[in-house]
Structures are given as structure tokens and as C-alpha cells.
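In order of appearance the chains are A, B, C and D, and numbering begins at 1 in each one.
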């Protein structure tokens, strides 16, 4: 069965290595280590500049505040690996929250049912985005979600006009304010989703297909990946997670309005980008984005505790974002850049 | 010769001429958009007959001037496969700085104020250009960060205060209200910029190189085009236009605030997209961008006129943007399909 | 004045991790057509890019007419009369033909620097006409066929009035007949006094055109010969570093029962009334001129580009194919024409690429099984003899031929009956070519039915059991191995079968 | 002054034991001169009574941003929070948490609901605000003609409340010939308010007056009327900042408009917060305290809750605008 490509004796049958060699260098030069380092430095600085930072409830309560939009970070990581973007998520949060509140307050739908419908509305918003994107490929995700961003929030305004809608049942406030064994409920849910999405992205066929599409959409299609289906599912996930954000947000505010969650998309994109996921697609890991959520969250919290004006906060977060994406581009960071490439 | 000679048949010449006319029409991709605008105007007119009056159209065009100027700059950036989310903040920053300068320097000639605004904008643009072209940071990330930074600086510079109309010299405020050759200055400035841009884009090497870089960055490199320079130029132009618009904005509304034009970048991008500029780079035409800006201008002007509930306005705007881009794509697909049908097999 | 228009001495070019050129010499006489040959990855394209100023060499000197020059960018080389047609089409799809021709050396008015569109359109039209083409200079580049784009590239080189014209695999996308046209153009340019450097993997190109040949191997300069002074075998040894005994292997397999029957398949604007059959163990060659629609027919069978009309029968059962996934389930696999764009995820390792089409069958319920995946990938990569160290080596680091082998390995993960190969040896060097032929034959012997699209006449004739010839969207003839010859195929490729009023 | 910076060093920890107290004020958003003035007044009051001041605002006028800030203030164990709410209800959970932590909560300018505060410091009686604007406009147009309202959005419920009172006033005798033809919304955006104002002029050619009870809206309308040369033909009134409106009052576009003094509002809130912290009042109806230069103030009923009323809106016209335009 030896092929006779060339003179038999010239031909060398090669055996390939099929176990990835562990490289200490590669292990250490990972973007995520840098993020963790930043995180630690941040915690140390915060602890030193504010006596309140490590106070019994401070850290915990801060987590409750910044975690709501972080739910959208998970699907956004996938979307950005796919080389797409979804700027309608903030509007999806508003629309699903408004629908939930309206169903409960005006139409007398039981709260449990309203929550389920809220999730369905979110998923539906994502489905519409996904379908438009795959049916009209010429348009690209930016265009489609720019349109639906305005549309979804517009519908929220149509439903609730300029009113707020609240008066949720007592137990509903548990989502935003409750804790189990001293751990905020939102942190528990966040952790569960973090694990679920990390597994989904890194340990399943679906996740592998997302990376394939992000690197080369055409080749994935030719390899039998159902590219349209994968894309729609990812956008539905984004809608669904936006609805979950809506539930936590409505619970924490005890009410909701059509203009909640303004500009959330930009905050989420900033977290994902800081997490090392390039909008050029195909690269980055879930864990990076998760660390980035905590970096930005605790940074803002720490700055808030020393009462830094919010305009300065804008500048600091902007600089952090630039510096973090610039590091791998600079020479000092070439090693990071290189190992980053191989990672999926 | 080669492949085509095999495809060419004797009667081709004559046929070609006929089809080329059709092709010329279908090449005017904004046709669908233009038709849409006309239909929309007719519809609005039936709902409120004061829509198509000279007075209202003047308002409409004046209010659209700033949007259209910014859309032009954004078009150039989109052509190079970039995006600029920071323009709202750049506009606010330059507007605020200029307003503060004129409020303490009442004698400052308006043209100096305008040049100052443009310079502030250019500085902002150069910073972004540096991040994008030299450091290779993706435009969406770089401009997202700079959006925050410029906005923060605007608040810092203004110290939370506004600059009000009484603090601005009459000459400054009248930049936006005066007329040149019988046209409102804002509109006049927009027209001049469009004329210069038309020449720049279509009749200079640099202008064409912008398209080349967006159309195929790799071949631009082997053609000896300096991509860094081109990117720097487009972000600088965008910055300069934003700075200019900052001055115009402050003059038009006779007030400078920290949150000026926040979120305006999305409107500008929407105008470009409606005008058929491709996010994937390489294509985009001035005529399309004008139409896109005008469509949005009409919506802003007409929705209040039609007595539409304010709560419906946003939903309608969103639907119209979606419908317009979808119709545009369907029309384009129809043209392509037609071309296929005409092929000989 | 030196005897050479161009001379390169001791050129070395290093990329991070790769030495692409190692002390390379080259001499070009005026009015000479000089072939540059070598295996995939030998450094030919890099060498060209050094000459044209795209890459600056790390070491070495360039002499133009005896004068030492240094280029810091392509523009400077262009200004000195060097023009190149690059291997990977380097045009601007959104811009007009005229702009593509004149990009980088536009005609501008003195003083105002205004572009002179009229003159450029006019001149573009003239150059194109001199090349025998009637492409409208105002039409968009992206709307042209590959062959037409190639003509524009040539027009671009001519428009610079270059004294040295470099063509990097210009015939890779052309059929024999189109290549012939290109030869004529090249000769005409030479007669007008230009020197031409010509890169190709096809020996016919070299023998037809060149008077001198320089061979590179593994980034090194091997030698330079008069074309008549070196035998074919010696040339191959120079290129590959070993001897290749037989290019087309003997058939081992037997032709079995009918696998696929296509009847009256049509797609508006692309192809019409396609009918043929395919048997187990058979290699069906599909040939014709570029743009004949071969790719489109096969992509329809693979579900990429759904057909409008017609019937497909698999093993006697009528099927409908709407997506690649369905096609693969039904046992049809497709090796795409453009391996970089359609075939491979270049940024990934070999292993991941190979297992991509079969992920679901490797894992359980959607979970990945990376161990099993790695062992399958290793097995298949070895089966197609990929030259690499580990399955984690990035595909982008492989040479063209090895990349193609990885793409072929992807087809072997699935239980397929039919394998469609679209230009499987395009841009692949001689060594890798015969390895790929061997694999194809091996597969046929194992009972696969194989459809092989190819524009290279000898390859089609050497490999196929039967040959279907397409012309302008229709199959004009199906030939048996016995009755086949270059002439018969060419004739079939030129016959006009289409109805007068079609469309 | 630096709008949001801490002006006195935030106190050490645990200020319950009679040490210096810390007072925080949270405004709607940053970069709003009205808010800056209010915070100036608040700071002035706290300086007067002695204590640390923290001044914060989110960069966007959202309840989400304010919640985040209040959480941080709770962690810092401040003694009192004065807040101009971005939402009537949405701050209830976090403010309740603050009150449970022993923090005194005062809402000011834009109220939060009665459960989320100890007391509200009301700049002026909504009824008086609504009615005086109609009375003023009636005087400007001789009780005859069409009028329109150009509002912001109605989230900060005060706008709607004022408009309600305007409508009630219009039902009184004497306004038979006046007609409120439209309430338009400019979202407190310059460009949108301008378009809306232009649309009003176009849709109602016989319009005689515009009432814009919002600072951005009234300035935008003033600019439109000025540019169109309509001074004397269409009267403009409403609630505006003297600095923003000075030009339009001087050129006659707006014969008069109203506002209260935001410095006093902030000052009053500071005094009320101090009274709460010191236990002088608890926010029950009938209590009263000495608000220094504002004089004695009484806690009165306000729907479900209680409030402290500061006074009538102040009328600005050509006579007095010059002395006020520099102030705020």
C-alpha cells in the first residue's frame, strides 16, 4: 500500500505528533495572565486608597451592581469571535423588561409567566436579528442591529410611552437583592452561566464551529458547518441573555422604563475587547472576558469609593481599554500576540 | 481572445450597447433609495400640506447640513473598512472649547473660531489615526475608547458649565443664521465641502487611494500605496469635519453643553448605511450619502409634522431604516438576477 | 552599460521564523524570457517581491543596467520600469478596470494634480484592445471573470511601459488555449524589447516561452541554464532534489456499479441540462475552459449553490441536496477550488482542519472528544502524507501542496461515496502533484466515485476513466479513455451547443 | 467650582459617634449647570453647619448610574444623601437599603417616591408653577389664541404634573379664548427640541405662544423664534436658566419666564439633611426647622409622603435678567 510517489527509497513515511507539547513559555505568555495581573494590581491599589473597599459588604454589593450587563458578555464573546457585533442588546433589555412589566401590571399575567414571556421576547429579538443577518448577508450585523436597536427601543416606547412600570411582587426583588448563604444570587447565576458558556465555547462541537466560522466562514460552509444555523443560535443566545439582564435590572430597580440599559452595548463590547477577544474574529477566550468584567466592575467601584468624578471615570476606562489592546501590538507584547493566535 | 473571445458572439456589440444602458441605470444603486424618498415625501405631504413649503424645506435642509457633513467623513472611514464612534464626543469637545474661547474673546473673528474648532477636531482625529494606523488597533475599539475619553474631557474642560447664548458674541452666533449668496451658511458650508470632497474623491490620487486601501489592502501595499498615510488622512478629515461641525452646532443652537451630540455617531452611521456605503469597505458614493442624510433629515422633520405620537417616532424610524436597507438589497438582488437571466447558456 | 538589465547578487530575505531566500543570484538579459522554477514555497514569489520593492532584502544587492539600486517601496521600482503580475490576484474588486490598470501610476494634470480620467479610459481601452480584449474599461473589476481579471493585470503591467515584466504563475487560472494567447502577448512584449521573468509550475509554459531557466529550492539558488542545455529529468531533480519516476500512476481499482446519476440539472445563468453518470471506482474528468461552469455544477451537487431544475439519483434513489451538510450525509464530498478561501482555516492547526467536517461524529452529544479527535487527525494526515512535525502545526505554515493534502484529508473523515475534486493540483509543484495523483488513485481503488475538475489537459487525460467536457454551461461531450486526445477535447470545449434564443 | 470633586476630605470611618458628619448629594447627570449650582448651594449649607461633602452624578441621566453611586455611598457610610432622582420608583430598593443603614435620605428638585425618602425638598409648588405659566402667557397674548407646550420627556414626573396644573388653570374662567393645541416632546435634546419647535410653528400657523417648562426646550424654542424673527408675534415662556435665556429675554422673544434659584434649592436640601441628621426633624408632618438664611421651614404633606416647600417660582424678565444671567 506504500504510494509510489517517488523513488521508494527516497520516500520517508512521516509520523506526526498528536499530543500538544506543553510549553511553559506559551503557558505563561497568555493574555489572561496579564488580565489577572491587572486585576490583582487593581485590587491592591483599591484596598490602599479606600478604607471601605474591602469592607464586609462592599465587594459583595459592588458585584451585585455591575454583574447585570455582564450576562450579555457571554454571547457577545461568541458574536465577536464570529466577526459580528450586536449593538441592539441594550434595546433588547429594555423591550423585554417593558413587556414583562406591562404583562404583569396591566394585563394581570402572573409574574412567573411574565418572566417566561420576557425570556421569549428576548430570544425573539435575537432571532429576528439572526434571521435578518443570515437572510440578507449583504447587510452585515452592524447594519441590521443598528436598525433593530432603534426599532426595539421604539417598540418599548410604544408600549409604555414614557411611564415606568413597577409594583412587582415581593419575591421578585430577590433576583436583584437576594443572597444565598451570603453570596449574592446574581453572582451565583452569573457563575453558573460563566461555566456553561465556557464549556459551550471551548468543549463542544458548537463552540469549535464558532471559531471555525470566525476564522473562515466560507471554508466552514464548505466543511458542512451549518453556518446560518450557528449564527442564528448565537444571536438568539444574545437576546436571551439580554432578557436575563432585563430581569435582574428590573428586580434591582423595582420597576422599569423604556429607557433602561442605554448604551449597555458599548459597555459590553468594551468588556469583551478588554478580555482579549478581537473584533477581527476567530480569537480569544471566554475566561478573558469574564476577568475583564471584574476588572472594569471593580475599577469603577474603587474609583467611586474615592468619589472620582464620573467624567474622569470615563477617561480612565477609555485609557484602560486603549492600553490593554495596544500592549499586544507593541514590541514588548509580541510574545503575547503570538501565543494568542493559536488559542481557541 | 482568451476566455471572452469564446463567449463573444457576432451580435454582441449591438446587444452590449442596449444592456449597458440598463446596466448604467442599475449602477445607480441609490435608485431604490431615491424612489423611497419620493414616496415618503408624497405620503407626508398628504398628511400635512405644509411639508413641501419653502420655509419647511429650508428648515429641513439647514437641520440636515451638519448630519450630511459628518456622514461624508464617515463614508471615507467606512470605505477604508473602519468606523468612528467618537465623532459625537469630538464634536462636543471642539464645540465646548470654541465656545469658551469666544466667550472670553468676544472680538474673535468667526473664521478664527471655525479654524480653531477644526484644529481641535484634527488633533482628535490624529490621535485616533495614530491608534488605528500605527498601532493597528481595530477602529471600533480605538474609537469606542476615544469616545469615552473625549466626552470625559469635554465635561472636564467645561467644568460642568454650559456656555450660553448671551456669552457668545453676535458675530459667532450668526455663523449659523447668516446667509452667503442667498443660502444659509450651514447649507453653504455643506455644499462647499461636498464639492471639494467630490473633487478630492474622484479626481485626486489620494482620493482614489482611499478606495484602493478599502477595496483590497494587500494589493494596495504592492501598488506602493502608503496605507498608514491614507488611514491617517481619513481619520484626520473625519476629526476636522467633526471639529467644524462642533462650531456650527454650537453656533446654530447658541449653547454649548457637555452632552452635546451624544449618540449622534449612530445617526451618522445610519445615514451612510442608508446611502449604500458598505461596512466591508471599498465602496460608497457621495450621492448615496447625501440621500441617506436627507432621508434621516426628512424623518426628523416629518414625524413631528404628521402629528405622530412621540412614543411611536422611534419605532417608526427604526422600521424605516430597516425597510429601506432591506428594499435596497432586494432591488440589488433583482438587478443581479436579471443579469443572470440575460446570460447565454 | 552592463550586459544584464537586471542582476541580483546574494539576496537573502528572512521572515520571522523562515528564511525565504538564502543567498540567491539572478541575471536577466535584455529581450529575454527567463523562467523561474521551483517547488511550492521555494521562494519564487518572495524573490519577485524583492525585485519589485515590496520586500526589502536583508542582504544582497540589486543592479539595474549595471547600476546599483535600492527600493524602499514598490513605487520606486515601478518608476524604474519594473512591473509585476502577482501570483495571487491583487486587484481592487470595487474599482473600475481603468483604475485597476493605472493604480499607482495615474495620469495627472501637471500642476493641479487632477486625475485625467478621459485619457486613462482611452488608454486603457487601447491597451485592452491591443490584447485582443473588449472589456469595458469603466466596468467594475469584481464583475469580471478570473480570466478577464488576468488580462487586466497584464494590461496593468503594459501600461507602465515597463522594461522588465514579471509574471508570477499567470497561467495557473488559464486553460491551454488561453495560455496560448498569453504566450503570444509575452512574445510580442519581448519583441518590443522588454525582458520577462516567468514563473510557472507547468513545464509546457517554460518550454514554449523561455530561453533561460533559473531554479530555486528551499530558498536557495540551485542554478541557471539555457533551456536547451538541461534535460527535463535533470530539471526536475534540480527542483525537487530527487527523481520522480512516473507522474501518472497506473489504475488499480475496478469500476463498479452506478453511484450517481444526474439528469437535466440546470441553474439560471450558470449551467443548463447537465446529465452524466458516475460509477464506483471511477474517475470522471470534468474539463473545459475557465468559466464553463464546472465549479458551479459541482457546487450544486454539494449543496452550496442550489440548482433550479433537474434530478439527482444516488444509488438509484432520487435525492434533493440543499446544503453541504446534507450532501455529506448522502455521501458526497467536495474539495474546493480555492483552498485558502474555501478549503482551510489557515490560522488553525492541521488536526483541527481535518476534523472540522466530522466533529459531530467524533464527539458525543455535541461534546468534543479531543483525544479521539487528535488520533483521527493524526491517522488521516499520515494517510495523505502531510509533511509536518505535528498535527498542531499551523496550516498557514505549510507549502501549497501540503495544504492541499490537508484539504484532501478532510474528505476522508466522513463515510463518503463520491468525492468531487475541483482543480486538485492547481498551483501545486511536481512533487506534490504526483503525491496527490497517487492519493486520488488510491481512493478510486477503495471504491470511491471521483469527479475531478481540471483545466490541465495532460492531467485529465492521464487520470480519468471518462472525460466530460463543458462549454458555456453545458456538457458537450462525454469521452471514454480510449477515444481521448487533446484535439478531441479542445474541439468539444469549443463547440457551441446553446440555443440561439437562450436567456 | 469643580462640580463633583470632594471638597472636604471625606471623614474617617463611623461618623455615628458625633464626629464630623458626611453629607452626599447625587444629581441627575454630570455637566448640567443647573445641577452644579444646586450642588454649590448644598455645599454652602454643609460648610455653614460643619461637615464633609461628597458631590456625585452619573455621566448619563439614568437611574442605573445613580444606583451604582448610592451603593458606593452606603459603603462609605455617609450620614445623609440628597438626591435629584432620575426615576420616581426605580431608586426605591437602593434608597430603602440606605435608610436601613441609618442614612437620612432627602430628595430634592425631582422627587423619588414617598417610600424611598424621609422628606422631599420641593423647589416650588407644582400647582403654582403650572398656574403661573398660564397666567403669564395669558397676559402676554391678551387671553386669546392657540398655545402649545414643548416639554422634555415626562419621566421625571414633575413635567407632567406641571402640565396637568396648566390644563386645570385653563379650565378657569377668563381663558375661554385660549386653546392648548399640542404637547410636544423634545427629549431635552437641542436638535430634537428645535425640530419640534419648528414643526409647531408650521403645523399651527395661528399659534400665539409656546410654554416650555424645561431648560433645554425653552432655549431651543427661543433660538428658533429669534432666527425666524417672530419676537412679538409668538410669545415664549416656561422654565429656563437665566444664563441660557438672557439673550431671548433681552430681544423680546420671551417677555418673561420662571425658575427658582437652584442655589437656594441645594442650600435648602443641605439644611434639611442636616436637620434630619441632627434629629431636629424626622420627616413627619408638622415638624419645623431653621434653614438659616432661608428662614424657618415646615414639613408639610405631599401625597403619601412629606415635603418642605421652598417658595414660589421666581419671575425673570427684561428688568432683572441682567443681574441673574451671571449667577446661574
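Throughout what follows, a residue touches a chain if its C-beta (ideal position, glycine included) is under 8 Å from a C-beta of that chain, and two chains touch if they have at least 3 such contacts.
Just so you know, these numbers come straight off a predicted model, no measurement behind them.
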Out of curiosity, which chains are bumping into both chain A and chain D? B
Report the chain whose CA-based centre is farthest from the CA-based centre of chain D. C
Between chain B and chain D, tell me the centre distance in angstrom, where each centre is the average of that chain's C-alpha atoms. 37
Interchain centroid distance [CA atoms averaged], chain A/chain C, Å: 41
Separation of chain C from chain D, taking each centre as the mean of its C-alpha atoms, in whole Å: 73
Which positions in chain C are in touch with at least two other chains? none
Quick check: what residues of chain D touch more than one other chain, meaning two or more? 2-4, 30-31, 59, 185
At which residue positions does chain A touch at least two other chains? 162, 263, 309-311, 313-314
Checked against the stated definition, the touching pairs are A-B, A-C, A-D, B-C, B-D
For chain A, which residues are in contact with chain D within the complex? 51-52, 55, 57-58, 61-62, 64-66, 162, 164, 166, 173, 176-177, 249, 252-257, 259-263, 300-301, 304-305, 307, 309-311, 313-314
Mind listing the chain B positions that touch chain C in their complex? 1-8, 20, 199, 202-205, 208, 211-212, 214-216, 218-226, 282-283, 337, 339-345
Within the complex, which stretch of chain D touches chain B? 1-4, 29-33, 35-36, 59, 182, 184-185, 190-192, 194-196, 198-200, 202-203, 205, 219-220, 222-223, 227, 241, 243-244, 246-248, 250, 325
Which residues of chain A touch chain B in their complex? 85, 87, 132, 136, 138-140, 142-144, 146-155, 157-158, 161-162, 263, 266, 269-270, 273, 278-280, 309-315, 317-319, 321-322, 325-326, 329-330
In their complex, what parts of chain C are in touch with chain A? 240, 242-246, 249, 302, 304, 323-325, 327-328, 334, 336, 341-352, 356-357, 359-360, 363, 366-368, 374-375, 377-378, 381-382, 385-392, 394, 410, 431, 434-435, 438-439, 442
